[in-house]
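The following pair of complexes shares a single chain, chain A, combined with chain B in the former and chain C in the latter.
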Partner chain A sequence: MNKRSVLIGLGIIVAVVIPFLPLLLWSVSDQWFYPALLPQQFGLRGWQYIMTTAGQQITEGLVQSTSLALVTTCCSLLVALPAARALGLYSFPGKKLIGLFLLLPIIVPPLCVSMGYHLWFIRIGLAETFAGVVMAHLTFCLPYTIFVLWGVFTDYNPDFEYQARSLGASPIQVLINVTLPMILPGICIAALFSFLLSWSQYLSTLIIGGGRLLTLPILLFALMDSGDRPVAAAVSLVFVIPALFALVANAHFLGRQGMTGVR
Partner chain B sequence: MFSPVAEDETRTRTIETGHLLLLLTPALLIILVLFGGGLLLGTLQALSSQPFTEKNALTFAHFTAVLADPDFATSFALTLYIATVSTLVAVIASVVVAISLVRCSAGNRVLNFFLQIPLTVPHLVIAISLLLLLAPTGILSRLCSFLGISKGAASFPLLVNDPYAIGILLTYIWKEIPFITFMILAVLKNSGNELNEVGRTLRANSWQRFRHITLPLIAPSLGAAGFIVFAFTFGAFEVPYLLGRTYPMVLPVWAYKNYTDIDLMARPEGIAIGLIIAAIATCSLLLSQGLMQLARRQREYPGE
Partner chain C sequence: MEQLILDNISAGYRDQPIIRELSLAVKEGEMVAILGPSGEGKTTILKTIAGLLPPLKGHIHINGMVVNSTAAEKRDVVLVFQKPLLFPFLNVRDNIGFGLRMQGIRGKQAARQIAKMVELTGLKDLERRKVHQLSGGQQQRVALARGLVLRPSILLLDEPLSNLDADLRHQMRELIQHIRQQTGVTTLFVTHDQSEALMLSDRIALLLQGSLRQLGTPHELFYQPQDTEVASFFGCPNLLKGNIHNNIFSSAQIHIPVVSANRSQCTAVIRPEQIDLTRAPQPKGTEGTITSVSFEGIYTRLAIETASCEITTLSNSNQYNIGELVYLSIPSSAVHIIP
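After this line comes the complex of A and B, so read on.
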């Protein structure tokens, strides 16, 4: 490793870490007037507030965000796996067009689509419901999941499935003992990806949820408007921690492959 | 082709139509109903004269009202500026980072981990943290006055809610560099170092090796990643809402403001702006597809 790559490596680490400093400092400051470089008084008022006074709301936000992201991810995986298999393994007429259509929601912002079906969701009673928001998130989580799994299936060799079949395995056994273990790293990446997308979604949750579904991003936006910096900083950290935890858990499992394709 | 993999013409595995339909139908149905339906219903609302009453007539009035608004041009220019600059900077930085990461495989695991962190941080959180860092009373300004570089909040340059959208650009660049880097790292790792060694034995200098070996290798995934980032930043709401100025607004913020206006008649105009954003994103996708095909043809049959 030469000097230049050490420098670039250090640069990356510093650039990644710096934005966490203001959040950490603000979350443990009780008094921090300009132009003091460090808080005049350290304290845990921000953390106490979100543990006690706003504790119930934050917990509900965490539960709401997590369950939304989990349900969305499961639905995306269930629907995306077969479609990605078809796109990644086989050639068929119209494949380009179908692929383009399935991936188009990646580049069309969720805002445009959510505004479009909002009125329709109100009429059929899906607005302000959990199911309605899952459907809103699914609109763009599904295409991203297909995008990741399509890549996974192009490197996949289905001949192993035929071998297992010829040895007498049932289709279910093939699925559980051959197919799933082979594509598991890919499924983990796709799942993490879809989870994070749903987890950090603000606007489509607000439009379809109508302020009824208080996810963490919605609480955080409200806090920023109220201008209480220590509390907003603490909630921001709460918002990051589960995803970071998932990353650490995944880092060991995925190894060098990392999270290609996740944003 | 906008797909996660380069086109593979040799793939000839076929499948029965019935089985194929079984695999594809659920996904197609969901995208058709939710995405296609959303766009269609949006179009219907944006085209109707009084969308919330019974007496309805088709009209282009809302679209013409938006396009004729003098604010449209300024909003469009600001949105295009933010999306273009942040994508370009992120693309160039990602190429540098990815190539240096491939070269120094020793520190890879640690760096890989750190580089993955921004992927997990929601845009909203990084926007808030940059607000606390870059605002006139933010930490950077405190540091500058501590070191005697600036004299207090008033003399500190405006970095958020500023005309050049510095805060917004930095947020996007911080967030998108790892995304693009990992997309091209996958290609670089799979391709190995042999081609570069061949280039070296043929006495190509490092710029020539980059221009004629590495760049053509990563171009398809670099293009796809860059395009996804561009389309995302063009249509994103949270970051410009928090870090942008109140005037001019970027197109998504303007659309949302109109959509939630107390005046119900502003609603179809909000949807019309949303559809214009969707149309711009789709058109630029088709355009970049066409350009890529043209470039490929030029490479295969030069001088045609």
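After this line comes the complex of A and C, so read on.
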């Protein structure tokens, strides 16, 4: 191992692992008062609470969060793929304006967006529904998904598709056997972005869901409010682990595959 | 029998024809080159024939059937692009087998056909390689094998040699000729490189400004160009205006015997490599002074200023110097008359 990789390793530990340490310690502490550096008394009360008393709620939250994030990711990929392809491959008037419009949901404070949505969704009956929350999440996920895939398609050579057609592949076969494998790394990154963004949505879920959809972030905030730090820490870890898993799996997959699909 | 007929084809994008009213018939087993300068839409023609672009006008016949409305994947034609465009997520073998897989041909039959192509294109021992582990020449061969494995009636090649360096060009040329001998596949290819067209094809269709200018054997296009632009395209700079009287072409003090009817006005195209050059005065030679010398390997290109015009010659001697007085004699065989 050379000096450089040691430094990089240290950097990762300092930036990624150390911030989690207090969380880990909190989750296994029974007593931890100022000014002690470490908990005075260790115990698994926090974990016990979320496994037993709040177990069902946490499981429901996990299921709710996962299904919301998965549906949002699928929807945002379905919308973003054709949009990004058009933006990346063709030039047409108004392209820059579309780029600007796509940034709007990121620029405008999420509270304003969600409040606005809420009014509309009440009128059209989407408030406090799964579909309504998915749509609210999409607002924040789509720009990222489209921007990631836009970049992928800018470097994409559609001649690969023409070549496949000439070799006897029908348009559907081209999509499955050429286009998708070609941009798979880009799709993975875009999906990860979308999944993580939806996973960590709090405000929009709360406003549009109106307390009907209890996702993990909503449970987390409720528990944090209660002031029970070991429990909040344990829930936080439960919240982080699936996201971390998605990230690591993605990084591992991408590391093997690389962006070979683009020219 | 004509395997491919282009009947009055106009092709291009969004109603802006790049190719106008091209008619061309390619016989079974023939190799025809579409030659033209870069940016003349030669690739567009191939894409149109392959069904990747609809023709703006005209009809395409393949094996006697009009295929205008036949989808690309159903045409008995394979287009091999200029870039190899190998699928990076497949290995060499799977790339070659791609078309077969799309047609639902798998197992032993596919394996047999792939093995045959691997053998033919000299890709043995590379079948398991990843695409990015191949050299440029190998990639080109995989691309060719991937098209040929489908046994198309017509093979369309887009600039098959132009991306390769001199050594690979030679190998690829041999390979294409070998494949033709073995498979007898009808081939239409486009190129901007006249030498590529001259050495590979049975006939050449020369495209200038988007329309067919001359169609003929390589020999015909090279030695009997239809007009001065064709002559210039094939690198003939000597275009002398003059007249013919009693089988003598005259342009100022240059007189060359030719076999032709009398003409008051015509242009003589004189191949530079066929002009004889001497230092000693010649009885029928034309006197001139060398104004520029450029060494081009086998030949040395000399510009010679005569009393009436400048003539370029290609000499295989590199002993000439600027300012030297020389005598040109132009044999009848070097002259082609354009009315």
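The criterion applied here is as follows: the second predicted complex is superposed on the first by the 242 of 263 C-alpha atoms of A that agree within 3 Å, B and C clash if a C-alpha of one lies under 4 Å from a C-alpha of the other, contacts with A are read in each partner's own complex, and residues count from 1 in each chain.
Throughout what follows, contacts are C-beta pairs under 8 Å (C-beta built on N, C-alpha and C of every residue); 3 or more make two chains touch, one makes a residue touch a chain.
Just so we're clear, the structure is a prediction, and the values are computed from it rather than from any experiment.
Student: Sharing chain A, do chain B and chain C clash or fit in the superposition?
Tutor: They fit: once the shared chain is superposed, the two partners occupy separate space.
Student: Now for A:Gln173: first (chain B), second (chain C), both, or neither, which partner does it touch?
Tutor: After superposing on A, A:Gln173 lies in contact with chain C but is clear of chain B.
Student: Under the stated touch criterion, which partner chain does A:Met135 make contact with: chain B (first), chain C (second), both, or neither?
Tutor: First partner only, chain B.
Student: If you stack the two complexes on chain A, which partner ends up touching A:Leu103: first (chain B), second (chain C), both, or neither?
Tutor: Only chain B is touched by A:Leu103; chain C is not.
Student: Could you look at A:Leu44 and tell me whether it touches chain B, chain C, both or neither (first, second, both, neither)?
Tutor: Touch partners of A:Leu44: none, neither chain B nor chain C.
Student: Looking at A:Cys74, would you say it contacts chain B, chain C, both, or neither? Reply first, second, both or neither.
Tutor: neither
Student: With chain A as the corner point, what is the angle to chain B and chain C based on their C-alpha centres after superposing, as a multiple of 10 degrees?
Tutor: In the superposed model, the angle at chain A is 90 degrees.
Student: Which chain makes contact with more of the residues of chain A, chain B or else chain C?
Tutor: Between chain B and chain C, B touches the greater number of residues in chain A.
Student: Across all Cα pairs of chain B and chain C, what is the smallest distance in the superposition, given in whole Å?
Tutor: The answer is 7 Å, the least C-alpha separation in the overlay.
Student: Both chain B and chain C touch chain A; at which residues?
Tutor: Of chain A, residues 260-261 contact chain B in one complex and chain C in the other.
Student: Residue numbers of chain B touching chain A in their complex, please.
Tutor: Per the stated touch rule, the residues are 1-5, 8, 11-15, 17, 20, 22-24, 26-28, 30-31, 34-35, 37-43, 45, 51, 96-97, 100, 103-104, 106-126, 128-130, 132-133, 137-139, 141-143, 145-146, 152-153, 174-176, 179, 182-183, 185-186, 227-229, 231-232, 234-238, 242, 252, 255-256, 259, 270-271, 274-275, 277-278, 281-282, 285.
Student: Under the stated contact criterion, what part of chain A meets chain C in this complex?
Tutor: For chain A paired with chain C, touching residues are 157, 159-160, 162-170, 173, 177-178, 181-182, 184, 260-261.
Student: Residue numbers of chain C touching chain A in their complex, please.
Tutor: 47, 50-52, 71-73, 77-79, 81, 83, 85, 87-89, 98-99, 101-103, 132, 146-147, 150
Student: Over in the complex, which chain A residues touch chain B? Could you list them?
Tutor: Residue positions touching the partner: 1-2, 4-6, 8-9, 12-13, 15-23, 25-26, 34-37, 78-80, 82-83, 85-92, 96, 98-117, 119-120, 135-136, 138-139, 142-143, 146-148, 150-151, 154, 158, 196, 199-200, 202-203, 207, 217, 220-221, 224, 229, 232-233, 236, 239-240, 243-244, 246-247, 251, 256, 258-263.
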